[in-house]
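A short worksheet on the structure shown next.
Read from first to last, the chains carry the letters A, B, C and D; within each, the first residue is number 1.
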Amino acid sequence: MPTSTLATHRETITPPHINPAEQLRAIGREFHARGWSLGTSSNYSVVASRNPLELLITASGKDKSALGPDDFVRVDAHGKVVDGSARKSSAETLLHCLICEKIPSVGAVLHTHSVWGTILSRQYLPQGCLRIEGYEMLKGLEGIGTHDTFEEVPIFANSQDMRELSQRIAARLAHADFSLPRQPFHGFLLSGHGLYTWGKDLAEARRHIEIFEFLFEVFARAAMLAGAVPVPGSSSNRSTSSSNAQ
Amino acid sequence: MPTSTLATHRETITPPHINPAEQLRAIGREFHARGWSLGTSSNYSVVASRNPLELLITASGKDKSALGPDDFVRVDAHGKVVDGSARKSSAETLLHCLICEKIPSVGAVLHTHSVWGTILSRQYLPQGCLRIEGYEMLKGLEGIGTHDTFEEVPIFANSQDMRELSQRIAARLAHADFSLPRQPFHGFLLSGHGLYTWGKDLAEARRHIEIFEFLFEVFARAAMLAGAVPVPGSSSNRSTSSSNAQ
Amino acid sequence: MPTSTLATHRETITPPHINPAEQLRAIGREFHARGWSLGTSSNYSVVASRNPLELLITASGKDKSALGPDDFVRVDAHGKVVDGSARKSSAETLLHCLICEKIPSVGAVLHTHSVWGTILSRQYLPQGCLRIEGYEMLKGLEGIGTHDTFEEVPIFANSQDMRELSQRIAARLAHADFSLPRQPFHGFLLSGHGLYTWGKDLAEARRHIEIFEFLFEVFARAAMLAGAVPVPGSSSNRSTSSSNAQ
Amino acid sequence: MPTSTLATHRETITPPHINPAEQLRAIGREFHARGWSLGTSSNYSVVASRNPLELLITASGKDKSALGPDDFVRVDAHGKVVDGSARKSSAETLLHCLICEKIPSVGAVLHTHSVWGTILSRQYLPQGCLRIEGYEMLKGLEGIGTHDTFEEVPIFANSQDMRELSQRIAARLAHADFSLPRQPFHGFLLSGHGLYTWGKDLAEARRHIEIFEFLFEVFARAAMLAGAVPVPGSSSNRSTSSSNAQ
């Protein structure tokens, strides 16, 4: 159950003119409070320029509940630090670069580690994706206008070798057409690890995190409820004596 | 698990003389924090006048955690914007109008998207309703004075065609007598989508949301517990002396 | 999962010289935020005098997140309002009076409606009690100094007839010796309704609520986990070298 | 579900020069709000000196949401109070001393009582440990650099005899080499009771609590989901055309 405070949310509604580092710091405080970025997990980035592609991304190993103004580095399309600082960027910088490079409309990338995302990404790795179907809340993903559809969230086996992992993800992205009004998918999962999603700006990427987390929780709890109340069309809370009850 | 902050709740206790838009903004912040109105989901309205029927309703596509003073529009009984603004009202405006028209005592309508409501509305759609029975908390629904009763919350299949959907709901409302001291039902569910409830004023509608969300969580968790501890009357944590003890 | 804010908790740490109504208001805000006193449910009391027995108790039908300074009434041992006000005391006043009368050490009584308490009180009504055994957290109940014990929380069928219900509870209390250093039980459940607990003062009663809620959640979730991982002593997440390994 | 407020987290980011008692008070407020230190449960310590070994530790029986500046005592390696005060240290002081003595790098020890830790420690006591394997979040434990590993958290049967219990734990610690860059384990569980973890300083110990709590919740919920969706590799939400579709 996502939980956080009004104060938290207010902070995230930073006006667009607020500088990106401040916006990412607010995201860190909010997502830590909601249980999606505990410890030093997670990393966030915004596109700082498109020609050439440069990202502002969280520095490596920082507590996301307490990002300081200097806990960000600017990297180029290959993940190389270009702001002259000695700080290291997040270990997963290459994945952020890859997403921004392959999907030209992307303005921000958010990566989180939630309980439900972790569980589902592991349980459904054999299928290669998590198929979420028929929920109204899918309309919160950019470009989706009906519940009568599905989102297949790709799931990749986890790896500590970022080059190898980014190649697998690149291959998957190469088979998808992101120039359509509705993107083929709005995020992907690393198994036992977490969620990557994105948006044209930070507000859209944040909304996608929120929507995905809601859908993951619904998906997992619905499966548990269906396991406990196994026969569809038969409610265990009605005591009826009729032979063809309700 | 309902969660929210003191700050949140305090805000919702706005004195009745506070203007309706401010009250709806506070509801948005609170419900977002409690996980019931994530992203741009949900919509809220209050009856602005009865003769002719006019509603003040949330504008379309707004983040409910950050409703601005101008994120509301005034519509007539047919959902037409009547305040001269260019803003669009929520896509589901027709359902708000319908409820206010068919139930003369209604002063406010709230529509939310919660995890438990979403799950139960889908699991129990084949029955056509969710029957909640025997709980003391039912007394939180206006006009109910005992636990020894039940509330059957109608469940409708979801649709993006508001005219078609509102006709189905209108047909159901037409079969119910809302002039009784106890309403035949206090809300309904759209499958895989969310809850609509109402009240004579915003405070009552908010209480109904709170009560329904509690009951939905209890209902779903009770079913899961019963699934895990399947034999009623036999507690797995009691050491018994029976010969065929588990 | 209990959730609440720092602000909430701070408020409840009111110095003992703060007047009882202020302390009860803070309890209301905290318990509403933690999901234990939603809507107008719950009622709270403190012993205002012992000779004769008089209680300060929440007035009937108030939103517990927003108790005002005047939302309390003073009643005598029979539940009769004695402060000259026209306000009605909580419908369940008789139960508060009964507890204070039968257990002379009681200084405060708290009654809450939580999700887990509601579920367990209904699931285990056939046994007549909820037996909680072997948890360290039991030591949070006054007079218990070891985990190697059990607490049997009596469960009573719910009723709207307070006189009838209080007679059943009185009969149960009459069979228990509350003069012992360790009380025979520290609270009881009404089925599908909620928890009553008490303490020598409000701080102790509040701690008992917190301890019971923790134990209820642990009890219910442990049963669900045991249902999902049914063979004790066999963990599905261990890779073994046995020939028929999972 | 981890829950807490921005305010809470901010407080815990006390600069290192803040005195240890203030830091422990902030930890108490935060952990109470997150449901890990309810009532008077839990105890916390920091190493005040190494030669000789002395700890600053929470006094016995204090509400962790409201620790005062004087609710701490200084003890020696044998748990004897050495600051001349009449206050009693936590009952479990000996376990803190033991950990600090056996693991020279330890600067802080935190002991909490959470719902998931309590449940898992009891369910998996027969195995003697909880084996957590393959999760990216394991990298939040100091010295772990890959998800492709496991952490075996020892589980000890609970006891009120601290001397007997500390001997059992000492025997287990004696078999482990804590001079390695990666510690053999980063914490242990007492069955039905709670978690002990540590770090080189309070920030690291706090991160370990946060990481363990996340992993416990993931572990338990994954087991429940796997119980409800029993056939690995087969998702109930995919419509397949295979002949033996479930």
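Please note the rule applied: a residue touches a chain if its C-beta (ideal position, glycine included) is under 8 Å from a C-beta of that chain, and two chains touch if they have at least 3 such contacts.
What you see is a predicted model; the values in this text were computed from it and never measured.
K.L.:
Quick check for the class: compute each chain's Cα centroid; which one is farthest from the centroid of subunit D?
P.N.:
B
K.L.:
Same or different, please, for the subunit B to subunit C contact, judged on whether over half of the interface numbers appear on both copies.
P.N.:
Both copies, subunit B as well as subunit C, present different residues to each other, with under half of the numbers appearing on both sides.
K.L.:
What is the size of the turn, to the nearest 5°, that moves the C-alpha atoms of subunit A onto the matching ones in subunit D?
P.N.:
So the angle, rounded to a multiple of 5, is 90 degrees.
K.L.:
Using mean CA coordinates as chain centres, what's the subunit C-subunit D distance in Å?
P.N.:
Chain centroid spacing, subunit C to subunit D, equals 28 Å.
K.L.:
Report, in whole Å, the distance between the mean C-alpha point of subunit A and the mean C-alpha point of subunit C.
P.N.:
Inter-chain centre distance comes to 40 Å.
K.L.:
Taking each residue of subunit D in turn, which ones touch at least two of the other chains?
P.N.:
Within subunit D, the residues that touch at least two other chains are 1-5, 7, 224, 226-228.
K.L.:
Once bound in the complex, which stretches of subunit D touch subunit C?
P.N.:
Contact set of subunit D toward subunit C: 1-5, 7-8, 11, 29-30, 32-33, 35, 38-41, 63, 65-66, 113, 115-116, 118-120, 122-124, 126-127, 131-133, 158, 160, 190, 192-194, 219-220, 223-224, 226-228.
K.L.:
Sort out for me which residues of subunit C touch subunit D in the complex.
P.N.:
Contact set of subunit C toward subunit D: 1-7, 9-10, 12-13, 134-137, 139-140, 145-148, 203, 207, 210-211, 214, 217-218, 221-222, 224-230, 232-233, 235-238.
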